[in-house]
Every structure is written in structure tokens, then in C-alpha cells.
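Dropping the structures in below, format is C-alpha cells.
Both complexes below contain chain A, partnered by chain B and then by chain C.
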Partner chain A sequence: MEINAKIRKFLSRFFKKHEIADTDDIFALGFVNSLFAMQLVMFLEKEFGIAVETKDLDFNNFRTIESMIQFVENKQSA
Partner chain B sequence: MIIELTEKQVEWQEQFRAFVDKSIVPYAAQIDKEEILHPAVVAGMRETGYLGSMLPQAYGGLGLDEVSLGVLNEEVGRGCTSTRNLLTVHGMVGLAILRWGTQEQKDQWLPKLARGEIIGAFGLSEPDVGSDAKNIQTTAVEDGDDYVLSGTKKWITMGMIADVFLIFAQFEGKPTAFLVESTRANFTRTPIRGMMGSRGSMLAQLEMDNVRIPKENLVGKLGTGLSHVALSCLDYGRYTVAWGCIGLAQACLEASVAYAKSRQQFGKPIGEFQLIQKMLTEMVVSIKGARLLCYRSGYLKQIGDPDSILETWTAKYASSVMVTKVAGDAVQIHGGNGCHDGYPIERYYRDAKINEIIEGSTQVHEYLIARNLLQTM
Partner chain C sequence: MSQAKKKEKKIKCVVWDLDHTLWNGVLLEDRNVQLREGLLEIIKELDNRGILQSIASKNEHNTTMAKLEEFGIAEYFLYPHINWNSKSSSIKNIVTSLNIGMDTIAFVDDQPFEREEVSFELPDVFCWDAADVHAMLDLPEMTPTFITEDSKKRRHMYMSDIERQKVEEEFTGPQEEFLASLEMVLKISKVGSDDLQRAEELTVRTNQLNTTGYTYSYEELDALRQSDQHKLMIVELQDKYGEYGKIGLVLIECGEQDWKIKLLLMSCRVMSRGVGSILMNHILQLAHQHNVRLLAEFVKTDRNRMMYVSYKFAGFKEVEENGDHVLFEADLSRVQPFPDYVKVHVLD
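Up next is the complex of A and B:
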């Protein structure tokens, strides 16, 4: 499964009634809380074998599906 | 699906149990009575390496897997809730540094924390801020190469013996985590005595009146203090508290079974009365159920599953509510003896209740678990 589909599947648990576009700001949709933030970090680490470090804690890395894909690809290629 | 401990985990369990019976249980009543964590117990936790149980071997820790770590907290919790609290808050600091600290912070602090050369404590709660952690009033401001912290922290477990604190303060209105050493100028602590339970937890109130720390003591990024640093600490905190409840409940059960066999009324052991049997049955079934939730949480944590966070909420909620009920039944089975400090039961009962308050109250758990259900189901 490609990165986009995996992220989309994970997010669908939290954004059930919303069809999220790749460029939608998930923070603006109102469902994001601290618990979700932690779950998202764990998901990205486990699913894509990357380590989210302190320097990566920038909301812009996680704001949209597109930015998350970019983040994962950057980490994987680093 | 296999639900059983591995051979290695069983070995650890036997080692933990033997240590607790020999080196913690004999001190537990004294710790409760004097409200001081006995130095011999702290020394034992240090010598066994258990103070570094949650940290990787690379930094001198035991590097236990999550389930073994849980079993350690279960066994220590069986012996003394205050001592289990030490494992919890000490580990929260070490894990925060491991997860969010700089390499320099890891090299500086983790080997000492792992070896127990220094003790760590977690400074989030304040006199007017408990569950509402976003509204902490302690502040941090930038001043040259330093941060300057001011504010009061309350109910700080191990605050009287800790060498380094993970302090949460508002920096420009954003909760942020800092390491504050107990030796810093203008940092003072006062013991909090007279607690109902967990009385050996060395609670302190901390006062910071323009405490100056170097910028290198920032943990994580500015503004990530709650969302990432505190929440990951509290995840470990809840996990270890949940397991501690299992151990405490197990202590209640073992004492109650022994008492039911030996206590004679109406010419026979009270264990032969069906209403006593009912209580014993409810105790053992509820303990086993909560323990399974803890095992599940541990398994999910071990594989890094995002569901582990909510499963840990679930395990902590179930275990803390369970142990309050189990300890109450243990008092009931022991009758008058359960109400007197000649038996450990009244201590178990007082200690049990504390678990419904710390690391998120029962009601905060109910709110969060239900809210998640409503959002995701």
C-alpha cells in the first residue's frame, strides 16, 4: 500500500464523516487533540520505520496528507 | 494468539517477586507510618538496576521489554505503592529525556538516572492546576543564555529526594518542559505530609522564584511540553500505575485468602461461608480481567502500536477502579482486623484510592475514553 493510502486509512478512524483531500488542513477540521498528535507520531514511526525527533515537531510536517507524505519520504531518504 | 509470559519474562517475574518479598515488604508498614521512603529500599532498587528498568542498556539501564516492565511494577506495587511511585516518576523523567532530549542531555542524564545515582521527579501539578494541565501558571522567560522559571508546583511525588525535575512552565503562553536541578539557586521544596495513602512518596511543594537554568535544559521544542513531552511521560505513568494496581490488588487477594482459611467463626474458617467466597471470586476475576488489559497494553506498547495509548488509558482506568473495590472487599473480609494497622489491609485500602486520582483521575479517564468512542466508533 502506498504512503498516501496508509495515511488515509489511519486518518479515516478519526475523520469518519469527512472525505479528506491531500491538501486539507487536518488541524483546521477540529478533531485534532494531544492524544491524536501522539497517536499520529506513533503511527508514522511504526508504519514507515522512521523516528520522529524533536526537530521534526513542526505542525507543518503533519498539517496535510501531502505534507505527511513529504515528511515520510524525506525521513526515509535521509 | 498466545497469552503467556516468555521464559525470560517468567525469570524476571521470579526475580522481582523474590526481591519485593525480601527487600520491600518488610519495610512497607514503616514507610507508610513514618512517611519516608526507607533508604534501604531505595538502595535495593538502585542495586538491582530496577531504577533503570525503563531505560535502554546503552545508557546503563536494564532495557526491559514493556511486559517485563509491567510485571516489575506489578510486583513492586504488591509490596509498596510508594516504592512503585518511585519507579513511575523516576522513569517519566528518564523517558522524557530519551524520547525528546538532545544527545547531550541523554549523555549527561540517562546513565546517572539508569544507575540511580540521581532521582528524577515530574513537576506538572500546581496548587490551582490538576487535570487542567494546559493552564499551568508557572512561567519561563528567556534571559540571555538562560531561561528563568517562576511558580509553584504541588503534590510532586519524590519531590523531597529528587535531584532533577522535569518542570512544565508557560513560555510565551505555550506549555514547555525544562530540566531543573534541585541545587539551582532560588529553588526550594517543602514536604507535604498527612496524605491518606502512598504516604512514603516523599511529596513536596516546589517553589521557584526566578530560578535560572541554561537554555540547554529545554526538553523538546518550545510549546511541545504538554502535547508531546508530558503526554508521553504520562503514558508510561499510567502504564506503571495500572500495573501497580494489579500488584496491590494481588496483595489484597493473597492476604484475604490466607485470612479466610485461618479465621474461625461459628466453628469453621470464614472461607467456608458463601458470602466470603463471593467476595473472593469477585476479587480474583476482576484482578485477572484488569491484568489482561495491562498485558494487552504492554504488548501494544512493545510493538509501537498507536492504539497502545488508549489501551493504556483503558487499563489504568479498569485497574484503579478495580483495586479500590478489591481493597474494600479485603477490609470487609478482615473485619475489625482490616481496620487496624496490625494488618496491612487498611494501608492497602488507603493506597488503593490514590490510584484513582494520580495520572489522570477516574473521571478524566471516563471522559476521554467515551469521547474517543464517540469520535471513532
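Up next is the complex of A and C:
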């Protein structure tokens, strides 16, 4: 499964809006709590074998599906 | 202000063995075992102090639960583990279910072998010989500084949590719909004189969802709530299953141009309820209205990464870093609205 599909599958467990566009701001959907934030970070780390460091915890990296994909790709190629 | 006062170790849950500990004799050999003298009073007193109780016993599950029912004490024990596994594995499961720290567990057993097995596997657990059970209530570890309304209700609140968790596990839709189904009401209010004991208790008891870990005494909190230069707020949550009680606390130091969040904490029982983000948003809105810069102190520990992530995801940025100490500044251009799955009442 490509990165996009994997992230979508993860997000679908949390959001009732079924179709999240690649550029939708998930923070603007009004559902970001501490547990979700932590689960998202841990999901990305585990699923894509990357380490999310403190300096990476910029919400711009996690704001949209598009930005998450880019973040994961940058991390993987680093 | 004495902020970095060392936290005293307080026990949050006592895990009991049964044979020769809670009752005299061995249940599988003698169906007419009797509770040891004074044990019922100890169980009730621990409950009254807000200390939770559970069981790690090697026994046959159904027979044992029936016996506890017969004694009328089954309801006192959350997540009883009655099986043939090692006691350390039972305690690990209990700790995970209750979501509390291993170092807040006391384990009472008459057998040195069991206590040693637990001590070896889980060195943070406080092990106690059942022979000395009558001295247990006098230990400082078993004596909360205050017994508040919330401590007396604690077991019942955990029992409604178990009910919620069952519903959550069986719920197949997205988490957002589950949260909406809870019909949550969140109340944010100024700390009143009645809240001081609970406020102090929260600073001492809360580790995971705590941004700085600063603790304040009753007197300090009393002064802070009346100070013009501070805002001290307490947060209460309820849903259709009942009350969670007073579960969050915020302290803001309010300067002319800068506001600084000194403390923001929440009970881990509300970890998945979105309370932290709502609280951060409320503070962001307030700061925005007052036209001040919003800063937040943070002290990293091995347990509070979740709060770090929460600040970062709420748009806070590091402006200073000094070892474990971080100073954040908020981006006030972007303030999230409250999510619609919870009703928020702000009482000023």
C-alpha cells in the first residue's frame, strides 16, 4: 500500500468525514486531542520506520495528508 | 514559590492476594474460609481514602468471584486477576487497565516467594507482607494529604470508566462519533476555596499529562487563586455515564504583555477525551482577547511526551531550551474552535 492509502486508513479510524482530501487541514476539522496526536506520531514512526524527533513535531508536518506524505518521504530519504 | 517540591510517593492502588492474605486458609481446600479479622475495615478505609484495590490471586476464577460476592466485597476490586499466571503479569495488566504508574502500586501477599517474584520483575512495586497488614493504614504511602470528594468517589468513577471502555471497544464507527455519543459537558471555572484540596491533589497525583510537574501547597494555591497576576482554573467533566470529577488544572501567570502557562495538567482518565486541546484552545482564545503574548513553560520527563506533542500540535513553538526546560510561545493567529462533540461551559 502506498503511503497515502496507509495514512488514510489510519485517519479513517478517527474522523467521521469519510473523504478527507489530500490538502484538508485535519487540525481545522476540530478533532485533535493529545491521544490522537500521540497515536498519529507513533503510527508514522512504526508504519514507515522513521523516528519523529522533537524538532519534527511541527504541526505543519502533520496538517494535511499531503504534508504527512512529504514529511515521511523526507525522513525516509534522509 | 516552592515549585519543585519533591513529590511524595503515594499509593494509588493496593493489589491483594487472597489465600492466607484476605482470608484465612485456602479456598480450594476449604469452601468455608473466613475473612481475616479487621480486613473488611481495612478494605473500606482504603476505599474511603480514594485508594483503588484489585486482586492478583492464583485461584479458580468463578469459585473465587462467587466467594467475594458472598462476602459482599466483590465491588471493591477493579480488574481482579484470578488466574494461574505469575503475579507480576497480573499486576502489569492491572496497571495497564487503570493507566497509573507502576510505582503507585502496593502488593500484599503472605508468601515471600510471590513478593520476591513481583519485586524482581517489577522493582517499582511496593510489596507488603500480609502478616503486617494491620500496620498498613498508618504508612505515609497510604495516607493521602487530603481526602476530597473526588477521592471518595474514585472507585465509582473508575467503574463508570470500565462501562465506557466496554462501549468504546464495541463501537465500530470512528472515534469522533463515539466521543459525540458520550454527550460530554466540560466546565472550566476559577478555583474556589472548596477546590483547593482537589487542586493540590491533582498537582501531586498527575504525572503523564502534566506539562511541568510543579506542585503547590494548599496555601500557595489559595494565594494564587486570589492574586491579580494569576489565573487558576479547574476543569470538571461529566458525560452520560456519570461524573469524571475535577480532572484538570491550569495556572497562568499574567503579566502586562506576556501571559505564561506555569502548569497545565489533566488526569490520565480523560486522555482520549480531547480535554487538553480544548483547554489549550480556551487559553489561546483568552490570550488573543487580552492581546497578550502567550508563553508556556515545559519540563520534560520520561512520561509527559504526550503533553509536549499536544503543545506542538496546538501551534506552540520552542523559544528557549535549557536541558529539560523548554519555553514555548503560542501562535495566536490560529485558534481552533471547540470541537462540537462536547459542550463547554466557561464560568468566570
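Keep this in mind: the second predicted complex is superposed on the first by the 76 of 78 C-alpha atoms of A that agree within 3 Å, B and C clash if a C-alpha of one lies under 4 Å from a C-alpha of the other, contacts with A are read in each partner's own complex, and residues count from 1 in each chain.
Note that a contact is a pair of C-beta atoms (placed from the backbone, for glycine too) under 8 Å apart; a residue touches a chain by one contact, two chains touch by 3 or more.
Source: prediction; values computed, not measured.
Once the two complexes are laid over each other on the shared chain, residue contacts for A:Phe27 go to chain C alone; chain B is not touched.
Contact with both chain B and chain C is seen for A:Lys16 once the two complexes are overlaid on the shared chain.
In the superposition on chain A, contact is made by A:Lys46 with chain B only, not with chain C. When the shared chain is aligned, chain C comes close enough to touch A:Phe62, but chain B does not. Counting contacts as defined above, chain A residues 13-14, 16, 31, 34-35, 37-38, 41, 54, 57 meet chain B in one complex and chain C in the other. On the side of chain C, the complex with chain A involves touching residues 173-177, 209, 271-277, 305-310, 312-315, 317, 336-341. Residues 100-102, 220-221, 224, 226-228, 231-232, 235, 303-310, 368, 372, 375-376 of chain B are the ones that touch chain A when the two sit in their complex.
Of all residues in chain A, those touching chain C in their complex are 12-16, 27-28, 30-38, 41, 54, 57-59, 62. Across the complex, chain B is touched by residues 10, 13-14, 16, 31, 34-35, 37-43, 45-46, 54-55, 57 of chain A.
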